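Listed below are the structures to be examined.
Two complexes come next, and they have one chain in common, subunit A, joined by subunit B in the first and subunit C in the second.
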Partner chain A sequence: MNTRILHIASNTFREAVRDRVLYNLIAFALLLSGAAILVGQISIEIEKLVVINLGLTAVSLFGIVIAIFIGIGLVSKEIEKRTLYTILSRPVRRWEFIVGKFLGLAGTLVVNTFFMAIGVYGALFYVAHKFVRADSLILIALYFIVLQFLIICSLSLLFSSFSSPLLSAVFAFSLFVIGSFAEDLRGFARMAHGLTRWLATGAAYLVPNFSAFNIVSSIAHEQPVALQLVLHNTLYALFYAAMAISGAVLIFENRNLK
Partner chain B sequence: MRRRNTSIVAAACLIVFLAASVFVLHHSDKIRPQSTLQEVLYISSPQVLKRASLGYSGLLADIYWTRAVQYFGVHQLHRSKNFGLLAPLLEITTQLDPHLVVAYEFGASFLAPTPPEGAGEPERAVELMQYGIQNNPGNWHLYYDLGFVYSMNLKDYKGAAEAFEKGSQLPDAHPWLRLMAAQMAEHGGDVDTARMMWTATYQNSTDDLIKKNAEAHLKSLRVDEDVKHLDELVSGFRSRTGRNPASIAELASAAGLRGLPADPEGKPYKITSDGRVEVRDPDDFPFATEGLPPGYTPAPKFR
Partner chain C sequence: MPAIEILGFEKTYKVGFWVKRPRRALYPLNLSVQEGEIFGFLGPNGAGKTTTLKLLMGLIFPTAGSARLLGKLWTDPEVKAQIGFLPEQPYFYDHLTAHELLHYYAQLSGVPAKERSRRAEATLNRVGLKDVKGVQLRKFSKGMLQRVGIAQAILHDPKLIFFDEPMSGLDPMGRREVRDLIEQLKHEGKTVFFSTHILSDAEALCDRVGIIYKGEMRALGTVANLTSSVQGKVEVIWRSTQGDAQIPASLKALGAQCHITGDTGRAVIGETQQDAAIDALRREHLRLISLTPVRTSLETYFVEKLQHAETSAGKSA
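Coming up: the complex of A and B.
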């Protein structure tokens, strides 16, 4: 890979660490250990389920919040601090800057998810006292969560390339919510007729569809995941993220930075 | 130096005001109506909740299940006769996560018994189990629990036999299910059938709470049988001697029993001055219907 992109990515990662992003791991650890101890006392027979559901939901939500709040400032902060001009005055192309930023944020989230995964497995061992083969399915759920992050990172970056941080956050979060309802949007499209049907179908395919990525509940019940779904989700996330990054590059390349 | 003093004052203020706010909140809790949250279901539609969960419905189901358990526990402890929110809480839980089998198994046993032991809604328990079977068709435990509700709470032995029969056809079903289907069809309300069901429950469950509950039922069934048998011996003694036996020892001696007849906890039964056979400690057998002192109110029990 292009070394300039790698430098930008590693600097983005370092910046995120310097911004104490990984401090969320402390909150995550407290949340999981608290739940693991408390739920056994106030509920019946769902200790392991709660650790998996809560653990994976927290991994997902913490990551999404980080992806949005770091992602929206990736470009605008560099412009505000005027560091972008220093970078672009060197032999760095604009698209390399965008791709590097994306990879840096994605890397931060992967590292964050890795540590959280250790936390989830630790809490699981605490409540179940052993691991079973089905626990390995959690890795697939974590993989799908990371794929979700890639999409959200790319969208945050896309909005950051032309809008203010506040509006970018609103746009990115709205798309996350709409993406969670994408299946309903498709259902609505099927019921509609004529132009409305075309528009609704178009919108349903345009917004990110997160429903296929959320397999937390079925993983908690040890239901296997089809290999085909893994392949389809991987391709979908890569294509969608690439599409959003391309959009960000397109806007950023044509943006007047003077 | 001045900055250090300010820091000390600020730290002291932080602690003092935190303590003051906790104190005030603690006192205001006393004047507010209790269990406000327990009795309110802000969103009653499972569909709305499922959509609002943004895909994280599994965690929300766990939260609602915990809430249902807490709701049932608190109401049973206070010997309440109204469990109005229990069925909606269970319906929300199972619609948020249709594969949460524990919510069907325990939920039915919360709903079916008459108050204050349960909500007294066996029909809703049946609906809950049927929804559970629809979503988990390969789980024979759910058929067993459905048959249990039909038999024990609705006294619908035909329905129970059908549920056991259907469950027994599943590949990994316990062999007892077929036996129970036949037993239910022929001898629905027998004590032997009840004993068989509780024994199956004890043997098939891995949950301590369910095992203890089944054990308590089995012990109580034995007490019921023992007391009926001893009552017959007392009647015989009375017809022979014209008086009640003075003690359980006298009855045992007169009836030629080996040792003193004792309850499942090993405590000998006692005979009251009016000739009734009673257990020493009624709290040991929360489900017994015989051998209890007149007017005895049992402690809260499960199922």
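Coming up: the complex of A and C.
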């Protein structure tokens, strides 16, 4: 891979770490250990269910918040602070900068998720005192969560390439919420008629379908995940992220850095 | 081969929220700077200096025109490995230390991995930041950041260096050091293009200067040429060998404007009268210290140029 992209990615990762982004892990650890102790005392037989549900939802929400709030500043902050001037005056192409930034943020989120996953398994062991084969399914749920992060990162980056951080945050968060109900939107589109049907179908397929990535509940109930779904979600996330990054590159390539 | 060749660079911005109106930031600019030259780009704030530099760095795109840097098209990424750039009021990743930042820039500039650390160290040493190389940039003062800016611009040993207001934020000592550094760069054969509104720096350093105002190049030439359109006058300085200096009557008779300070006398006379003035000093047994042509300072020339431009604009309006 192009080494300049790797250097930009590694600097983005280092910036996130030094800006104490990983401190969220402390909050996550406190939340999870508190919850594990609490459910261990008040629930009978469903401790595991609660811990898996709560743990994975927290992993997802913490990551989404980080992806949006770092992602929206990835380009706009560099333009505003003019740190970009000394980067782009070197033999660095604009697309390399965008891809490097994306990979840096994605790397931060993967590392973050890795530590949170250890937390989830730790809490699970605390309440269940052992691991069973079905617990490995949690890894698939975590994988899907990471795929969601890739989409969110790329969308935040796309918005950051042309908009202010505040508007980018609003856009990215709105898309996350709408995307979480994408299946409902598709259902509505199927029931609608005429122009509404066309518009609803268009919107339903344009927004990211996050509902397909949410398998937390079925994992908590130890239901297996179809390989087809894993493949489909992987391709979908990579394709969606690639499209969003291409959009960001296209906008950024033609942008005057005033 | 010119190091910089600007061929009709032009920039117009669209301003306004609903109705976009064009606002011209730069009129067609043609300029050529030779290799090894120190070129000063002068102008008041908002004249178009930074716009020109941003165009050359590919940070903004020209409405028309093009440029060649070191013989290649200015957009060629390869040429950028040979270029150093210090932006105006630079700001850097403040989570990094000075050494880490330079190491990062060395990576992006294609400096071989083995050399990066040594190069970063040597450059920090050169700009006087050796002792704070391990300090995070968020703890740096404005002057120190300016030095870091200069360091990152010369780190990869570029052939062509662009400085946008390099003396900004520096104390007198720092300014002196940067002046010396720019002179060293010239001796190393580098081409330096720097924008400034501190005219004494340009006067002291530049082989040639260009004056830009309201997006248009108003004057171009060597400092000596631009300021030699003077009044055809010379300044004579002499010293008395016995007590306070006197103004010789024959010098007064030439219509000279004379001033006495202690034992030193000073007179401004016409160029054609300089032989008569020297004779007058000899007759009075006064010691000639110097005889130099009176030049308009670059500052006076600059102000006159801008006033002229203002007047012309007023008339055409």
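Keep this in mind: the second predicted complex is superposed on the first by the 257 of 258 C-alpha atoms of A that agree within 3 Å, B and C clash if a C-alpha of one lies under 4 Å from a C-alpha of the other, contacts with A are read in each partner's own complex, and residues count from 1 in each chain.
The rule is simple: a contact is a pair of C-beta atoms (placed from the backbone, for glycine too) under 8 Å apart; a residue touches a chain by one contact, two chains touch by 3 or more.
Keep in mind the model is a prediction, meaning the values are calculated, not measured.
Chemist: Should the superposition on subunit A be reported as showing a clash between subunit B and subunit C, or a fit?
Modeler: In the superposition, subunit B and subunit C stay clear of each other.
Chemist: Should A:R186 be classified as contacting the first partner (subunit B), the second (subunit C), both, or neither?
Modeler: Neither partner.
Chemist: Name the contact category of A:R197: first (subunit B only), second (subunit C only), both, or neither.
Modeler: Neither partner.
Chemist: First (subunit B), second (subunit C), both or neither: which does A:T3 touch?
Modeler: Once the two structures are laid over each other on A, A:T3 reaches subunit C alone.
Chemist: Just to be sure I read the superposition right, which of the two partners does A:K77 touch: subunit B = first, subunit C = second, or both, or neither?
Modeler: In the superposed model, A:K77 contacts neither subunit B nor subunit C.
Chemist: Looking at A:D19, would you say it contacts subunit B, subunit C, both, or neither? Reply first, second, both or neither.
Modeler: In the superposed model, A:D19 contacts subunit C only, not subunit B.
Chemist: Considering only C-alpha centres, what angle arises at subunit A between the directions to subunit B and subunit C, nearest 10 degrees?
Modeler: Between the subunit B and subunit C centres, as viewed from subunit A, the angle is 150 degrees.
Chemist: Would you give the minimum C-alpha distance from subunit B to subunit C, in Å, for the three-chain superposition?
Modeler: Least C-alpha distance after superposition: 21 Å.
Chemist: Can you name the residues of subunit C that touch subunit A in the complex?
Modeler: 13, 54, 57-61, 77-78, 80-81, 83, 85, 87, 89-93, 95-96, 104-105, 107-110, 149, 152, 162
Chemist: Going by the contact rule set out above, which residues of subunit B touch subunit A in the complex?
Modeler: Those residues of subunit B that touch subunit A are 51, 54-59, 61-62, 65-66, 69-70, 97, 99-100, 102, 106, 207, 209.
Chemist: Taking the complex as given, what residues does subunit A use to touch subunit C?
Modeler: 3-4, 7-8, 11, 14-15, 18-19, 81-93, 254, 256-258
Chemist: Could you please specify the touching residues of subunit A with respect to subunit B in the complex?
Modeler: It is residues 39, 42-46, 49-50, 52-54, 57, 60-61, 176-177, 180-181, 184, 210-211, 214, 216-218, 220-221, 223 of subunit A that touch subunit B.
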